Amino acid sequence: MKSRIVRKLRIMGLITLLLFSAVQTAAAFDEEPLLLEFEAMLVSSDRNDTARAIELLAASEHPEQLTLLSLLLEGNLYRNRDDDRLYQLKQHEEGQPAERLLGDDSRIIESRRDFRRVVVNNAQRSQIRQVMALTALSSDQSAKRLAAVKQLMRDFDEETLSLVRDAYPDETHPKVRELMAVALAIDTLSQDDAASLSDAIDTLSRSLEPRARNALMQFSDATDDDGLKAQADAALVKIDQKIKFYKGLETLYFGLSLGSVLVLAAIGLAITFGVMGVINMAHGELIMIGAYTTFVIQQLMPEHIGLSILVAIPAAFVVSGLVGIAIERGVIRFLYGRPLETLLATFGISLVLQQAVRSIFSPLNRSVETPSWMSGMLEFNPVFAITLNRLYIILFCFMVFFALLLILKRTALGLQVRAVSQNRAMARAMGVRSERVDMMTFGLGSGVAGIAGVALSQITNVGPNLGQAYIIDSFMVVVFGGVGNIWGTLVAGMTLGVATKLVEPVTGAVLAKILVLVFIILFIQKRPRGLFPQRGRAAED
Amino acid sequence: MISIQGLNQFYGESHTLWDIDMQIPEGQCTVLMGRNGVGKTTLLQCIMGHQKVASGSIQLNPVNKDLVKTSVEQRPRLGVGYVPQGRQIFPLLTVEENLQIGLPVLPRGQRKIPDYIFELFPVLADMMHRRGGDLSGGQQQQLAIGRALVVDPKLLILDEPTEGIQPNVVQEIGDIIRKLNREMGLTVLLVEQKLPFARKVGDRFCILDRGRKVAEGAMDGLDDTLIKQYLTV
Amino acid sequence: AETIKVGVLHSLSGTMAISETTLKDTMLMLIEEQNAKGGLLGKQLEAVVVDPASDWPLFAERARELLERDQVAAIFGSWTSVSRKSVLPVVEELNGLMFYPVQYEGEESSKNVFYTGAAPNQQAIPAVDYLMNDLGIERWVLAGTDYVYPRTTNRILEAYLKQKGVAEADIMINYTPFGHSDWQTIVSDIRTFGSAGKKTAVVSTINGDANVPFYSELGSQGISAEDIPVIAFSVGEEELSGIDTTPLVGHLAAWNYFMSVDTDVNDDFIEKWHDFTGDTDRVSNDPMEAHYIGFNMWVEAVNKAGTTDPSAVQEAIIGVTVPNLTGGYAAMMPNHHITKPVLIGEIQDDGQFYVVWQTPGTVAGDAWSDYLEGSKDIISDWRKPLECGNYNVVTKTCSGQNFE
Amino acid sequence: MSQTSLLSEVKDKNHVFSFMQSQASPALNVDKDILLYLEGLSVSFDGFKAINELNLYIRDGELRCIIGPNGAGKTTMMDIITGKTQPDSGSAWFGQTINLLELDEPAIAQAGIGRKFQKPTVFEFLSVEENLILAMPDERSVISLLLAKLNGEQRDRIEEVLIQVGLKEQALIRAGSLSHGQKQWLEIGMLLMQKPRLLLVDEPVAGMTHQEMDRTAELLISLSGSHSVVVVEHDMDFVRQLAGKDRTVTVLHQGSVLAEGSMDQVQNNRKVIEVYLGE
Amino acid sequence: MLWNLIKQDRGGQVLLALLVLAIILVPLLNGLPTDHPLHLPTYMVAVMGKYLTLALLALSVDLVWGYLGILTLGHGAFFALGGYVMGMYLMRQIGDRGVYGHPELPDFMVFLNWDSLPWYWTGLDQFWFAAILILLVPGLLAYIFGALAFRSRVSGVYLSIITQALTFALMLAFFRNEMGFGGNNGLTDFKDILGFNLQSRQTRVGLFIASAVALALGYLLCRYITQSRLGKVCVAVRDAESRSRFLGYRVENVKLWVFTLSAMIAGVAGALYVPQVGIINPNEFSPLNSIEIVVWVAVGGRATLYGAVAGAIFINYAKTWFTTELPDVWLFALGAIFILVTVFLPKGLAGLLRRREGSA
């Protein structure tokens, strides 16, 4: 039962959309025999016919071959159950127009049921991609050619190889050329031509492509020539060393990225709990609110997913911040001087917020899309690539951290909140407007939690349990780092992240988590006040 | 400067201050005296707003405000500086930060710690970046006085400011209070147990006993009978 | 007027609310519909909804209340195995009826419980067959959440794969804690494992909340279904509705029902569901179908027995056959499991599954796996004269019954 | 306690864990008539030398006044003696046999060193009477605490101390609601209950009236002889009273002894006047 | 001597009187014919028994939190360990009546292919041995944990968080099937206790009485401790830890023993809880559960023993009632209770009672 609110938001969003998005019209194709046959196969109820339709088109020299195949690949073709013809739909919604693929007939969708999407399966998708790759091999963009060679390397046969072989001499782009060379070398290794074998091994020894390594292994197992075997083995050792090095880098990156998630989740708490002393059990729910804000923003601007995240950051800050301020004004301000009781009240608040989200947005997870600029990888080589979304999260984490540091160190607020938390009465006697400071600080911590929610929405569930999943870890990080020290939070989060990732490959995820917890317990014995303890006479009693 | 009328205060059930009427004339230094536990600190806390009063009024004069009805954080803005008993330093803030806390009450452009504070208490300059809580007791006391002066007060309230301070500095503090009082026209309300010091800096005295005001007058009027009656155990 | 009470025992709060709330709504819809049809035995049905709050002991407590205090004629409920295990002694002690709608690990057959979800042989085994035969998979990653269902399923699959000649080195098993959220290392390991030159697939028994970050990591590390397909047993339409499916197109799931199934009963069911919830975006899923089947079976059995008395219904329900939503029929077997078709679907970018394969007929649920050492000799048959849920055909004994 | 030392403790099968040891320290030995030896003590905080090569000896039964500017290191010295602060170097012995630097705070307290803090610290949620009961020296092990009962003698003693510190009327109220001065008295009362061999008294008369000061002086003087008493105070009248004609007064400055001698000598010491007393 | 303990303890008197009354009335009312208007259904007996065990748990938390100032966010671990020991005993009582008919191994071990009982399951078929372990296992863990933490002077939130880490780690460990405790499914399907059929009415009433007696004894024990000199030392430690060191108290020993004792009480509570609810699963180790216990104590009134009992019973009753009557929105109601109690009843329910007493 999606709430009405969301639906309303969505309608508003649609209106905005119409203003932005250019209306695209589908071009119809002629009813020539080949295409009619293609259509007939696709509307058939026999699944194998789809594959045949693809083959049919692929084998033909039809000029619109690629256009049609991509329509199919992207799921833009629908079968009408009445007339068994194919249609292109702008939207699979009642009242929307449907254009016939062949000829120029169109109708309005009366019932969604009447139109069934024509779907391709994995094998067929591969089939289409291969066809497209073959064409792309002669594209004038090197990136496309590179992708094409990669696609072809998944599964090459004589035909594709000969295409690569033909294209190789003319290829100018070094990367594409290199990959082609690898492909050809792999092929060479499977032949029995001793002359070029050594060169092929040499080529492959420089490549980190898994297929290259596999080919070398196979070759090494199969060959009778001791010299070549030794060469292949040496190449393998070299490759494995490189792989090991890159795996190490990868682990480090994974650790930092897990660490930055922990830091983001904890950093708001480092303020509300660490600096203000409120044991804020609702912190997780403030993160959750940030994530839901992202969801709502995306609902409002479904055509601008890329932008939506950027809009969501300030929006989540404001929404969570306001909720935080409401919590502070409504409950917590009655509890200053009774820090333990904030635990009780905020625990209650967290239950209420969870249930509120369940009532408003349903208990189901909501889907938040990853904008295209955040998806994909920065590929350094075939064994080492960094995922862009995580990279952005790491960067974002540092940005948030330094922004907060600046606020706490460079503004009066930072000083005042520490004064208030150390001695409220005296701070007021010095003219500090403690109520405003509390409100602003709690709002700031909550707003930052909201921002963390935006980041988390990119990698995990956006659902009512989101907060629960992070609250324990957040407290762990803040305390491990040393309460009241936000540098501590940063270092603690990163340390725990990297430690987890270092242990995980050895022990598996479950034991890794247990070991990290045991590590925290033992570490605290050694440093009873965390990584960066508050020192001095006052902290001792 | 301050005129207190019919002030009553309770800690829970226990009636601590009884119908206090008291005047603190502008430009003078009034010393509040009395045995331990008679309610001196409590009275100052009422003036500062740290304790709720049950009845009565506390008029702050040139600005004509009833302090009972104003919030605590207004007081420094109305020109009241406070040196509490037990120093109440912010232990984890540095000395500098302790002093900076009061700056925002000053008009923009004047938000700087005045140099004369470091002239008065050179030790604070030496310890600028040490945590307040790490200072020795006497250093903290000096910091507390310095901190109160930062807000540029018209009325300075001090609760046993010489407690734990080395003798030569006590003399200095006496001189300072007198100077602030006589030369800069600062009104001072001082709680002090030590008679010589009280006599030296005070213009007027006021004695509390078991929550009531029992005597008041010019410092010359503080004679042995009063002392025997109210200040001896 | 006197009513027949039906207990609905699904978590509406806590971690499981995410899955179970829908089933509560389904039950309310089915009951409403039945009442519109005139009720049962001339009486109206009344749903008694309680919230066991994802708290396992609370499941037993609530079940006891439903049976003792509310005198419900049957309980429809539970999702996790542990909640079922918690309720089990109670329904057996009080001789109640319970319909359990979720795929599970098997190894159980109670006189009082009817298992309308899939047993491992109705989901896992056919799925692996499909991967092996149709996709030519040679290397296997068995990834699951660390609890009994994945453990058991994977043990069965491991035995099965080895029996089919798969080498130990071609099987990688990985367990993660509940709600595991950082999948970077594991996905990277899977990628490495899958780059050994043999076609590799992941069989996922990853549960609930851990799926979103898992798939999202698959997407960001660029593992597409064409490289390494993932087939899931716990990811359905409901779970997909919380995931951005664009990068997941082509990954698989094995179920006994998909919302996209093109039959009239299914279309009708979905339409009613949309009307009932007032939300045309709501999806339907396999456990909903299981409740649909279970409820109709119960109705039929009550009609057949002429009473809601549990013992009579237990007797009457074996052999009852009702339509399922995929165009066939489901029959209650003597082991209290039902017959189901097995469907394999590929994820589409609209969050639906497209059926790419299905068993020609239906498969009967097997309570005791033929691939596990301890249980291959055990059978279950609740008909007279055997009346035993775990009869050892070798020792010829029946053990572990909680009733006299 | 660090992890490695814990590990080595566990590995050593003859190790007697501290929680299994009898917690009594070696018997106090004051054969040489010196109760407290502080030799070559130094301690610094973030590079700042709070105590610098300090040497100090307290005789058995002596009443010693220590004065010195704010920040001279007086409180820090007490922190070292009571185990709160570990010195960087030097030694601290209680009698001939007890090395204070090897003991932790409770062991030092049990060995017979009691302390009154500069800032009065009492147990705010317990009544005044309960504060005194807890200061009684006898029961310290968990079991005996569980079974402890007040006997008549102890009751009388509490009564006596309550009267001595003038808190008879407040006996049953929460210590937290005492005024500052009253807390000072309560702390003195706790010291009296504890009857330690060595009393360290940090600024006892701060916030007291002159007459109370006299009383405190009397009290401390009466304790000396059977106890050693070290008093830190800035109030010269009080120090004068305590020191009388022939007791020793020590002046600390910048962490070490600046001057030592009778009150008269000290008072007329130029350097002392310069850094501390003023003209 | 007993009377002296509760002479000045109005709440305690009421509590003990109620417990005695319950011990007498519950079997009587439960024994009435089922159609009698005063009949107490057996399921209610079990539910009430459960409340009493949770109250005992709350008591153990109040002892360390209320009086000693240790905010333990991991006490559920000790409760769960006691529960697991009892659960293991109950599993062993099943004998060959499991579904696989194995004479020794519990079902979950059979189907996970274990061939023999792990060493730590041995002896648990004996009740006396189980009874000892119920005290010993939580006690030992608390002792070791405490010896480490208190000696290192870990305190405040740092201690709270590592208690939380402790229970969290245990939860993950117990989830692992390799541990041999049944993984996520835990231990369930119990049949007898001490030879009595767990599903019989009499056994349930017996367990209820055992819980009531345990609660009463637990109350008296805690009361005795808090009234003793040790109790005063606890408060002293709570309010000024370092000051009590300077008086010669070995703070770490005081903390260690009280904490250990409290863990044992929690273990007993867990052991009584398990046969009444019929299942023990790693979820009992969940950190949020432990936080909830603290919340019960706070609602009841920290540092009043009867308050802790009242809080636990009140909240758990409210939960039962809400989840049946307001299944869709009960979290709002529960959350609101927590918020309102904190803001308006700073001393918890016990404060309400005392205010009454004060004004009367």
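First chain written, first letter: the chains are A, B, C, D and E, and each begins at residue 1.
Operating definition for what follows: a residue touches a chain if its C-beta (ideal position, glycine included) is under 8 Å from a C-beta of that chain, and two chains touch if they have at least 3 such contacts.
No experiment lies behind these values; they were computed from the predicted model shown.
**Student:** Treat each pair of touching chains as one step and give the shortest count from subunit A to subunit E.
**Tutor:** Tracing touching chains, the least step count from subunit A to subunit E comes to 1.
**Student:** Going by CA means, which chain is nearest the middle of everything shown?
**Tutor:** It is chain E that sits nearest the middle.
**Student:** Based only on mean CA positions, could you tell me how far subunit A sits from subunit C in angstrom?
**Tutor:** That gives a centre separation of 29 Å.
**Student:** Taking the mean of the C-alpha atoms as each chain's centre, how many Å separate subunit A from subunit D?
**Tutor:** Centre separation, subunit A to subunit D: 63 Å.
**Student:** Averaging only over C-alpha atoms, locate the centres of subunit D and subunit E and give their separation in whole Å.
**Tutor:** Computed from C-alpha means, the inter-chain centre distance equals 44 Å.
**Student:** Can you check how far apart subunit B and subunit E are, centre to centre, with Cα atoms defining each centre and the answer in Å?
**Tutor:** Their C-alpha centroids are separated by 53 Å.
**Student:** Give the residues of subunit E that touch two or more other chains, as numbers and ranges in rising order.
**Tutor:** 148, 152, 172, 175-176, 240, 242-243, 328, 331
**Student:** Among all residues of subunit C, which ones touch two or more of the remaining chains?
**Tutor:** 12-13, 146, 177
**Student:** For subunit A, what residues touch not just one other chain but two or more?
**Tutor:** Residues 354-355, 468, 510, 513, 522, 525-526, 536, 540-541.
**Student:** Given the complex with subunit C, which residues does subunit E contribute to the contact?
**Tutor:** Subunit E residues touching subunit C: 41-43, 46-47, 50, 96-102, 107-108, 110-113, 172, 175-177, 183-186, 188-191, 199, 277-279, 281, 283, 319-320, 323-324, 327-328, 330-331.
**Student:** Mind listing the subunit B positions that touch subunit A in their complex?
**Tutor:** Going by the criterion above, the answer is residues 48-50, 71-73, 75-77, 82, 84, 88, 90-93, 97, 100-105, 131-134, 147, 151.
**Student:** Report the residues of subunit A in contact with subunit E in the complex, numbered from low to high.
**Tutor:** Where subunit A meets subunit E, its residues are 279, 281, 331, 334-335, 338, 340-345, 347-352, 354-356, 359, 468, 472, 475-476, 479-480, 483, 510-511, 513-514, 517-518, 520-522, 524-526, 528-530, 540-541.
**Student:** What residues of subunit C sit close enough to touch subunit A in their complex?
**Tutor:** Interface residues on subunit C, with respect to subunit A: 12-13, 15, 17-18, 21-22, 25, 135, 146, 174-177, 179-182, 184-186, 188-189, 195-197, 209, 212-213, 216-217, 219-222, 225-227, 229, 238-239, 241-247, 249-250, 262, 267, 277-279, 281-282, 346, 348-351, 354, 356.
**Student:** If you look only at subunit A, which of its residues touch subunit B in the complex?
**Tutor:** 412, 415-416, 418-419, 422-423, 425-434, 484, 534-539
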